[in-house]
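Right after this note come the structures.
Paired with subunit B in one complex and with subunit C in the other, subunit A is shared by the two complexes that follow.
Presenting the complex of A and B:
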């Protein structure tokens, strides 16, 4: 009997010391992640200015208001626009450059190093550097923004505009700068994936008489599918939530022509002090993001079956 | 034969032309930033040459003193070092326990960390800021309390991914050495410190690099959580400082570009020295999914 109880207590002592290893992580995680996570849902159903002691529970009123908030849906559309741009153009460029680098070419490591410089820079720095390049002003009869100066000197005067203040160009400029900053990520990941493909597969395809186009579709793409899906999901999650470029380049302007969901949440919180409404936006947008990644996962498994 | 060589050379030139064009696209904006930082408020609007005449470094002196960039840099270094150190310790403890130790709830807690990785919640900085105000981190009269709050939040940001990466690494490690240490009477903490941690060095290098980049470039929490106390030295990190500086000098482009250069150069230099590790780590992550 005494043997059993001794065994029992030493067992629990063992469990306890083991649990101490994860305790700091669990504590930090509970306070700074789990609690805010559930509190977001709680606040999303309340009306609160961030200070007042009263936080009336208003059920789904915030979500109902969100449905008719034109600026919010404009922001969601802008996020989709930036994301679509990154998904197609940025990833296509990254993939083609990776294909080119997968061959034995000279200076491969140099290219690889340079392409990853934009991703290591901060969005704040990148945003202000590009803002200066895209500047639309004139002084002493000269365009001082680099792009306009260039367009003027090659005679494309009809293209000159105030890029970041023109509602028709501002958002596209942000999407381009976002892709400029991001393509290096996709490039490195695609290249790593390409280099794991067994070269015997290519030789087998050659023996079977496949041309390079057929080899690409029947060997490269299927073998790369897992990496492609990872890059696509990371692109979606990253581009939909990108907002620091917006803050540094246009600050949502002109008007609301470059506003994105995260800047809306920020403005509702720090600007108009609608904490509940800000949380409702966050919950809605989070649901959109999850739906997107789940759809992509589903498409992946469908494609795999074929 | 000749035709084939010609074709291959032609193809090679084509590829290199594209690669060089992309390289220029990557580097030119940075060159333009550097160039513009060496001009004056008068010449910048009129002189558009690639390398303007009369380069001068006064903007750097002004940005450094007026923009407090020295302090911002120091703060960023401190935040990055403490957060990364914290993540490595806390995450490697947890990952070691999840991989090697036996206790009730092990699977449950690990699943929670994985779920947290997969569920994005963009607005969670709202209740986080409320919480930090309630606990007293944000408005504390002591700068170090405010800094501690930011550091703890940033440790949390990098925690899940680091735990998952390290656990995968520990899972693949042969347990023989640990068993030997255990038979020799080493405690769990001793095994973690003297066996598991040294063996996990490659995985820890990846975690250090990515979390360091992430903390160095972080903006939103630094904006929400780190407000200066009047009359005391600034506690803002570099990115926040650049934003404040840029909004204060938004038409003084040479000065602004000097500030941006000061902000960009350290990270570029570190990247160039570490690029082999950075790229290898990222590539390993991509292939494993």
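Presenting the complex of A and C:
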């Protein structure tokens, strides 16, 4: 009996020791992740202006309002548009540049550094610089914006417009700048992935008579698939949540033409003081992002099976 | 293991102390503010106050103003507001802060010694911080803030550019202004600039003309839901923006331009007219000290009702009702708004002082802005407040009209639809 008690006590001591070691991490995770997560759900079902001590419970009214909020779904579509741009053009450029820099070319370290400059720049600074480039005003025949100045000087006057205030071009301009700013991350990850591919595989393909195109499709792409999926997921998460460029370049305008989900959440919190509604937006948007990431993971496993 | 436990306990203690209320030094007053242009001057005044009284005043700057507002809201939620702070929001939000016990009622201090402190201020400067006995926010009547300066939002014109267009004095009526703007456009110049990506500024401009076209009573009746936005007078307000776009008075870029960029355009002589607040005197001086400009009221479009501009207290500071240094904070604010300190602030930062006794030797432009106080009003003193979602739809609609995407009638209908939805929601809540 005493031996059993001793074993029991020793077992609990081990258990307690282990728990104590993970306790700080559990505490931090609970305070900064678990609690806010559940509190967001809680607030999403309340009507609250952010200050008042009264937070009446209104069940799913905020979610119901969100379903019929046209501006919110317009914002979600805009985020998809920016993401689609990033997934295709940004990542294609990043992959091509990574392939180029993976070869024995002159000054490849210089290129690696240059391609990684945009991601490390402040998003606000990038936004303001591009705002200046895309500026549409003119005085005495001189265009303030660099792009319009260039178009004028090469005789393409018919293309000149107020890029950020024209509803047909504003969102695309933001998508392009977002891709320009973000392609460096993909570039670095693709390059790291390419450098892990065993060169014997390329030599074996060469011996088998495969040309460059076949080698790319049958060796490079399959070996890079895990990296590609990670880059795609990160691109989706990063692009769907883009908002700093929007605020610094257009402040959601003209009208609602460049509004995105995060700026809507911010507007609901700081502008119209609808904290509960903002939390409902956050929960819905989080669900959309999780669904997208899970879909992509599923696609990856299907492709792997093929 | 013992060492680990000791370490863990230390960490937990540090964490717990970090999560608690900030410690209060009874000899230090902490002020959170957003006034980038006044920070250095305020620091100097704090040093002077410490020399005179031995009390340290710690001015902490959080800018820009939207970041500051977020910080104040978060601090209120966490109950860690400083001794003195400002609330840059609508009166209903200020009311929520008061009802939640975050803001001290300063009426007694203002009224002490036969209202000595109250008498220092312009009535309109103090009005934004006053809650009347029948206020719609359910706040106990009283004075809840101390104005530091006053502001009016008017139009400024570039004297050189106007002379180039053949004008020695600025236009008086709306039609004359449009005509002048077209002459300026013909010279290859931008007639009018403002930061209308910031919705409040476009709202302010439209509100000036709403008062001019239909008068205050009808505007308030609209906010109460008694007059629809599809009323011909409101359509006329929307049509002003259509006119500005169609007559090339504004560039399309005005809808994505922030006020900082608009200020830069005017200061660099790129635009003949701008719509801006009296703080711009300091901004323009910093950007281009040689700029020759004048101040004018927005030109009237109707003679039926007076055109009212936005004006009143520019920046106000409140005292934390839960602060252990409440008395000292009030004493400091009284000192800060005394004649000498107000004169120093006005000279150093080129802002209109809130203390009427400090009005002396103001630059001409600032004095002109000050003259506008007689024709000023402000949303914070209106008896009714428009719903924030309706305001957002309204100002976004103005942008749509400028870019030619919507007609005034379409925007009016969209705004009215949101108004009706919000009225219905308010009714359901009751």
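The criterion applied here is as follows: the second predicted complex is superposed on the first by the 277 of 306 C-alpha atoms of A that agree within 3 Å, B and C clash if a C-alpha of one lies under 4 Å from a C-alpha of the other, contacts with A are read in each partner's own complex, and residues count from 1 in each chain.
Everything that follows uses one rule, which is that contacts are C-beta pairs under 8 Å (C-beta built on N, C-alpha and C of every residue); 3 or more make two chains touch, one makes a residue touch a chain.
These figures come from a predicted structure and were not determined experimentally.
Trainee: Based on the superposed arrangement around subunit A, label subunit B with subunit C as either clash or fit.
Mentor: Subunit B and subunit C clash in the superposed model.
Trainee: By residue count, which of the two partners contacts subunit A more extensively, subunit B or subunit C?
Mentor: B
Trainee: Quick check on the superposed pair: does A:182 touch subunit B, subunit C, both, or neither? Answer first, second, both or neither.
Mentor: A:182 contacts neither subunit B nor subunit C.
Trainee: With the two structures laid over each other on chain A, which partner does A:254 touch: subunit B (first), subunit C (second), both, or neither?
Mentor: In the superposition, A:254 contacts subunit C only.
Trainee: For A:123, decide between first (touching subunit B), second (touching subunit C), both and neither.
Mentor: first
Trainee: State whether A:136 touches subunit B only (first), subunit C only (second), both chains, or neither.
Mentor: In the superposition, A:136 touches subunit C alone.
Trainee: Looking at A:32 after the superposition, I want to know if it touches subunit B, subunit C, both of them or none. Which is it: first, second, both, neither?
Mentor: first
Trainee: Touching A:53 in the superposition: subunit B (first), subunit C (second), both, neither?
Mentor: The second partner, subunit C, only.
Trainee: Just checking: does A:271 make contact with subunit B only, subunit C only, both, or neither of them? Give me first, second, both or neither.
Mentor: In the superposition, A:271 touches subunit C alone.
Trainee: So, A:144: does it touch subunit B (first), subunit C (second), both, or neither?
Mentor: both
Trainee: Please indicate which partner A:162 is in contact with in the superposed arrangement: first for subunit B, second for subunit C, both, or neither.
Mentor: second
Trainee: Report, in rising order, the residues of subunit A that make contact with subunit B in one complex and with subunit C in the other.
Mentor: 17, 21, 24, 50, 135, 139-140, 144, 269-270
Trainee: Once bound in the complex, which stretches of subunit A touch subunit B?
Mentor: On the subunit A side, the touching residues are 14-19, 21-22, 24-26, 28-29, 31-37, 39-40, 42-43, 50, 93, 97, 100-101, 103, 105-107, 110-118, 120-126, 128-130, 132-133, 135, 139-140, 142, 144, 146, 149, 180, 184-185, 188-189, 191-193, 195-196, 226-227, 230-231, 237, 241, 243-244, 247-248, 261-262, 265-266, 269-270, 275, 278-279, 281-283, 285-286, 289-290, 293.
Trainee: Which residues of subunit C touch subunit A once you look at their complex with the stated criterion?
Mentor: 1, 4-5, 8, 11, 15, 66, 69-70, 73, 76-77, 89, 93, 96-97, 99-100, 102, 187-190, 197-198, 251-256, 258, 261, 265, 270, 388-389, 392, 396-397, 399-400, 402-403, 405, 429
Trainee: Which residues of subunit A touch subunit C in the complex?
Mentor: Touch list, subunit A to subunit C: 17, 20-21, 23-24, 27, 47, 49-53, 131, 135-141, 144, 162, 164-167, 170, 249-251, 253-256, 267, 269-273.
Trainee: If you look only at subunit B, which of its residues touch subunit A in the complex?
Mentor: Spelled out, the residues of subunit B in touch with subunit A are 12, 15-16, 18-19, 22-23, 25-27, 29-30, 32-33, 36, 44-46, 48, 89-91, 93-94, 96-98, 101-105, 109, 112-113, 116, 118-131, 152-153, 155-156, 159-160, 163, 188, 192, 213, 216-217, 219-220, 224, 238-239, 242-243, 246, 253, 256-257, 260, 263-264, 267-268, 271-272, 275, 278-279, 282-284, 286-287, 289.
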